[in-house]
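Every chain is named by a letter (A, B, C and D) in the order it is written, and numbering of its residues begins at 1.
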Amino acid sequence: MKAAIVGVTGYTGIELLRIIQGHPQLTVGTIHSYSMHKHSIEEDYPHLQGVLQLPVQPFEPEQIMAKNDLVFFATPAGVAKELAPVFLEADFPVIDLSGDFRLQDPAVYEKWYQKPAATKELLAQATYALPEFTSEYSGNLISNPGCYATAALLTIAPLIKGNLVDSTTLILDGKSGLSGAGKTLGESSHYVNVDENMTLYKLNQHQHIPEIVQQLQVWNQEITSVHFTTSLIPVKRGIFLTVYGKVKAGVTEGAIYQAYEECYQEAPFVRLQAKGQLPQLRQVTGTNFCDIGLGVNETTGIVTLVGVIDNLMKGAAGQAIQNYNRWAQIEETAGLWQVPLFP
Amino acid sequence: MKAAIVGVTGYTGIELLRIIQGHPQLTVGTIHSYSMHKHSIEEDYPHLQGVLQLPVQPFEPEQIMAKNDLVFFATPAGVAKELAPVFLEADFPVIDLSGDFRLQDPAVYEKWYQKPAATKELLAQATYALPEFTSEYSGNLISNPGCYATAALLTIAPLIKGNLVDSTTLILDGKSGLSGAGKTLGESSHYVNVDENMTLYKLNQHQHIPEIVQQLQVWNQEITSVHFTTSLIPVKRGIFLTVYGKVKAGVTEGAIYQAYEECYQEAPFVRLQAKGQLPQLRQVTGTNFCDIGLGVNETTGIVTLVGVIDNLMKGAAGQAIQNYNRWAQIEETAGLWQVPLFP
Amino acid sequence: MKAAIVGVTGYTGIELLRIIQGHPQLTVGTIHSYSMHKHSIEEDYPHLQGVLQLPVQPFEPEQIMAKNDLVFFATPAGVAKELAPVFLEADFPVIDLSGDFRLQDPAVYEKWYQKPAATKELLAQATYALPEFTSEYSGNLISNPGCYATAALLTIAPLIKGNLVDSTTLILDGKSGLSGAGKTLGESSHYVNVDENMTLYKLNQHQHIPEIVQQLQVWNQEITSVHFTTSLIPVKRGIFLTVYGKVKAGVTEGAIYQAYEECYQEAPFVRLQAKGQLPQLRQVTGTNFCDIGLGVNETTGIVTLVGVIDNLMKGAAGQAIQNYNRWAQIEETAGLWQVPLFP
Amino acid sequence: MKAAIVGVTGYTGIELLRIIQGHPQLTVGTIHSYSMHKHSIEEDYPHLQGVLQLPVQPFEPEQIMAKNDLVFFATPAGVAKELAPVFLEADFPVIDLSGDFRLQDPAVYEKWYQKPAATKELLAQATYALPEFTSEYSGNLISNPGCYATAALLTIAPLIKGNLVDSTTLILDGKSGLSGAGKTLGESSHYVNVDENMTLYKLNQHQHIPEIVQQLQVWNQEITSVHFTTSLIPVKRGIFLTVYGKVKAGVTEGAIYQAYEECYQEAPFVRLQAKGQLPQLRQVTGTNFCDIGLGVNETTGIVTLVGVIDNLMKGAAGQAIQNYNRWAQIEETAGLWQVPLFP
């Protein structure tokens, strides 16, 4: 099959391009920028010189559908909801990596994203697909989860589904590298302001909060909120999520490990760490893995979990390909199982 | 007055040297290494070439007492308890920056430090001095708090003293730069293992946990434990502490701000941030400040606080000088009020 | 004496502010932004909260002259030449840290800076003051050398003055941290584009080239050009300059060391390293030193020199204060001799 | 074919493992440590958890030869010369990535490596194989060039072969990331000593100097020495080499470009940059490319070149696989043509 990438010049778009180039059953048909003139991808990314000579083309839906079998949208919030309808009307498959189709309630989207939402009709067509918990890919619009939401949901799913902690005590403390904020220039991405620094941003206002809550409610209707914070650390890639929760009476560390093992025994991209081990951020860099470790403090009765992902892989492009693989009913790990760069 | 520094070749020792050189009422008498041969401090630290020609001398108590008015110990755990007694017997003032005299119960020290503790008699002579909460400096042995403990205690003191949160829900998530681990060589301090990485270490085993609990119990006898974690981030200096706690019924964000303002109105080194603002790590680099910001999430009922310090300043050498200033009854900010390097 | 700082919100301006606050004989009168509304300096720089409550004021020459004894311009190229004349007409001392008054020939300025130059009359009033080689401070307009030019000129002066190398073989390979490029946002200052990267920029076009040549010609009229390159490395502060030159027949390493010792024996801020030692970048961070080391390769007949400075100190604000000290005929090291932060 | 890797626990060994896992015609037979007990590779490298379950085995030549078709030595200097002979005696192919077989003259090796050299008989069997300039792979012992030597030789080969610069004026200024120094713990690899720092090390003593000279003499017998320096910059991977040379009379920039184009028109891994463009370090990270850019300064008559490689890829493991591909007479780019991780 052939895929088009819209928004190829961003970090997520270029990562999609990288993965598809190594995918055994998917190739890149055409690549597009929704805002730039035609040029070669090498002009944006000199590391591709000689490796890829694809022209970056303007956004032309007819051409995309003529030359491809599906389209990935790797565009900022607010773009895909405008560009996707023409594909959906033609029954042409769309995998969107932005937040536009993640929240079922338009009012919630508008509150958290501060932008007009997609219509209810459009939202009703979308499948929010966290692959580890999505068995059915119906319809032609797959909505890929957010990076922080992916880390959060995978790290706490067994706790919530197993009712192992008091959910009102859950704390999710997320840390992200700078690529999570994209290529936009701003004070907060200037090297001098990032290097040797750490900042907590968007306190109680991060747009992934309602996305996490929405999915938690699928697993446990009683949950109405989650306490989730986001900080920037001076690295390029990666999310390091620390989670805390009061363990329910009678729940042992062993029982928690068992719940994680059972939950993820069929999940090729979730690696539960050995007892007593916590994952380091860099062990997932460049991979589609979510590595999870945990430990219960007998004195405080609180379990600490660490979940790490690569925000551009499992948090974006890698997961989109994993969703593609499942949607296309091919091997889930196709194109995603290479040994990562280290160090 | 003249001060000796024992352990001058470590990061904390060299920071003491730096501060005292700029102190209006204190000068460096002699500097010592407890383990190395005599040499010039410039050999360890080329940045001091021409600025300071002091010889690093072996540890000789008689000489130290003859040439100085007090001694700072900037030595690893387990050293000061062996070296300090001769000074105390001679009624010679000692300010210890290690963990040796922080915990009143020797059994607790031995459990968490995995080393033999100081005797009860020695421990009874020590004043654990977090300066913002220490009004009386009796005796000749001042025990300077640990870096993480300082960040933790200052960031949560008003919550605990004001009984504003459910203390069993408190979560302290600490992040530190590499200088906190000292100059020791190991896998975890190799550049390739730190750069572009983040790690949670010593889960539920960090030796500052009992120190924090001990002081919290002074403020609120009902507290028996605290949930505190420590992670490494790729920076040289600084502790970034994020704290979470369930706000008690009827406690507003305004009431919490008021409690912090009242608690710290006389504290020159605690800077409460304006409402809606959280401190960045680097704004305290090179200073003795502890900057604190907070926000209450109305949906979850949880307050998030961020407290930042420079681990070598407010977390070690700066605080030791602040303790000296208060002990010597001179201006609390003497030697500590310079404008820091930026960026 | 009191000084005004114009352009205080930039890295160089804030560094001037820091130094003057610790200067025994100079105080800050007023601080100004030439382009922003009135506000507190703490809004730009939260690290100054509580330490400095100075208002940043608009640029008003009359007010500056009424409240101060001299003015520092820490403004981008093209600004000081517009703002300085009113002060000079009033015989009010100006120290300019920009490139506006460094080049004596307006045509050269216009070629390299791509901006209109100051008038010849204005340029004629300026003293280009590299303090180690400036004995007379006549007039009221001091032009502070550029950061790279300072590193270059100090590192090679004894070679040129002593005629020790073939000047046509000189290679100056400069590396700078990001603060050298100022606060301007651009692709090249985005964290993701700097971290784990290195770039050579402005090949054969850096505006400090004519400044270096102009001064070299003062020392040796036969020199007509210099080969100088500039690269960015992922650090915040510092210039690391590597210099190569073919040693003239009969010139030994010992003779070169001797030339450096003699040249700089009266220079408090130039630290010649011991034989066999080269300086590291960080040993000058936060200081006004220029540290120089060298070694002759007997096989190739080429001498390698390494010169390091802090671009915001010896390369800008520190040197401006050093120039002030010399101009005011006070101790050359006043305000500049503190022990720097380490690590 | 199947390959064994000896020294798999080092950075170069793990990189070989990564490449071979993605190679279409080569697989990993067995992996070995020459100094450690049997264990799983995941214990050294948690990023490989679940991806690779290979046991790290002790060094056993018989087993290696029984289960593989060739062996890669990714061992420190001094090891391969001891371990390789048993394979060579059995006519079993060896590709050595260390310095042991690079220098034809044992005395030169002993002078620069400060270790006993391989015997002349052994050295006579080795093919020093810089693939862009090696057409014949005779024998069973391939000696893979050093990382700096690779960057240096590729960046200057057309200059030397074309006699375009005065070779006595050549300056090679190399900068390397920390992985180039391997996993060994030392002061110079401690995070606090690397971050925000830059250092020139081994002045005139780097062991790649004689390797570069040896190969230059193959191209031009008149060359007797080269001036080459090495510095550390705070990045994990990559060599950034800046080269300077006096252009010979009548040689234009266009002529130099043409010489590079002709020299490398058949070289898939050398990417000459467009005129006016210089390569950034990170554009080769994770790739086997050597990217080269250049510019002539008409005023000084000096050409500046920038050559960048990934020290673990084109500087070590990638080039070893490229050599394997050529030796095995398969596609030169096999296993080496994937799109690299970015950013």
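Everything that follows uses one rule, which is that a residue touches a chain if its C-beta (ideal position, glycine included) is under 8 Å from a C-beta of that chain, and two chains touch if they have at least 3 such contacts.
Small disclaimer: the values here were computed from a predicted structure and weren't measured.
Engineer: With centres defined by CA atoms only, which chain is the most remote from subunit B?
Structural biologist: The most distant chain relative to subunit B turns out to be D.
Engineer: Among B-D, A-D or C-D, which chain pair copies the contacts of B-C, with over half of them the same by residue number?
Structural biologist: So the equivalent interface, with over half the same contact pairs, is A-D.
Engineer: If you average the CA atoms of subunit A and of subunit B, how many Å lie between those two points?
Structural biologist: Computed value for the inter-centroid distance: 39 Å.
Engineer: Just give me the whole-number Å value for how far the CA centre of subunit A lies from that of subunit C.
Structural biologist: About 46 Å separates the centre of subunit A from that of subunit C.
Engineer: Enumerate the residues of subunit C that touch no fewer than two other chains.
Structural biologist: Within subunit C, residues 11, 179, 192, 195-196, 234-237, 280, 282, 285, 343 contact more than one other chain.
Engineer: In the complex of these two chains, what residues of subunit C are touching subunit B?
Structural biologist: Within the complex, subunit C touches subunit B at residues 11, 14-15, 17-18, 21-22, 45-52, 179, 195-196, 236-237, 268, 271, 273, 277, 279-280, 282-287, 289, 291, 337-343.
Engineer: Mind pulling up the subunit D residues that touch subunit C in the complex?
Structural biologist: Residue list for subunit D touching subunit C: 168-169, 171, 173, 175, 177, 192-193, 196-200, 203-204, 224-227, 229, 231, 233-238, 240, 242, 244, 246, 278, 280-282, 285, 295, 297, 299-300, 302, 304, 306, 343.
Engineer: Of all residues in subunit C, which touch subunit A in the complex?
Structural biologist: Contacts found on subunit C: 11, 178-179, 183, 185-187, 189-192, 194-196, 234-236.
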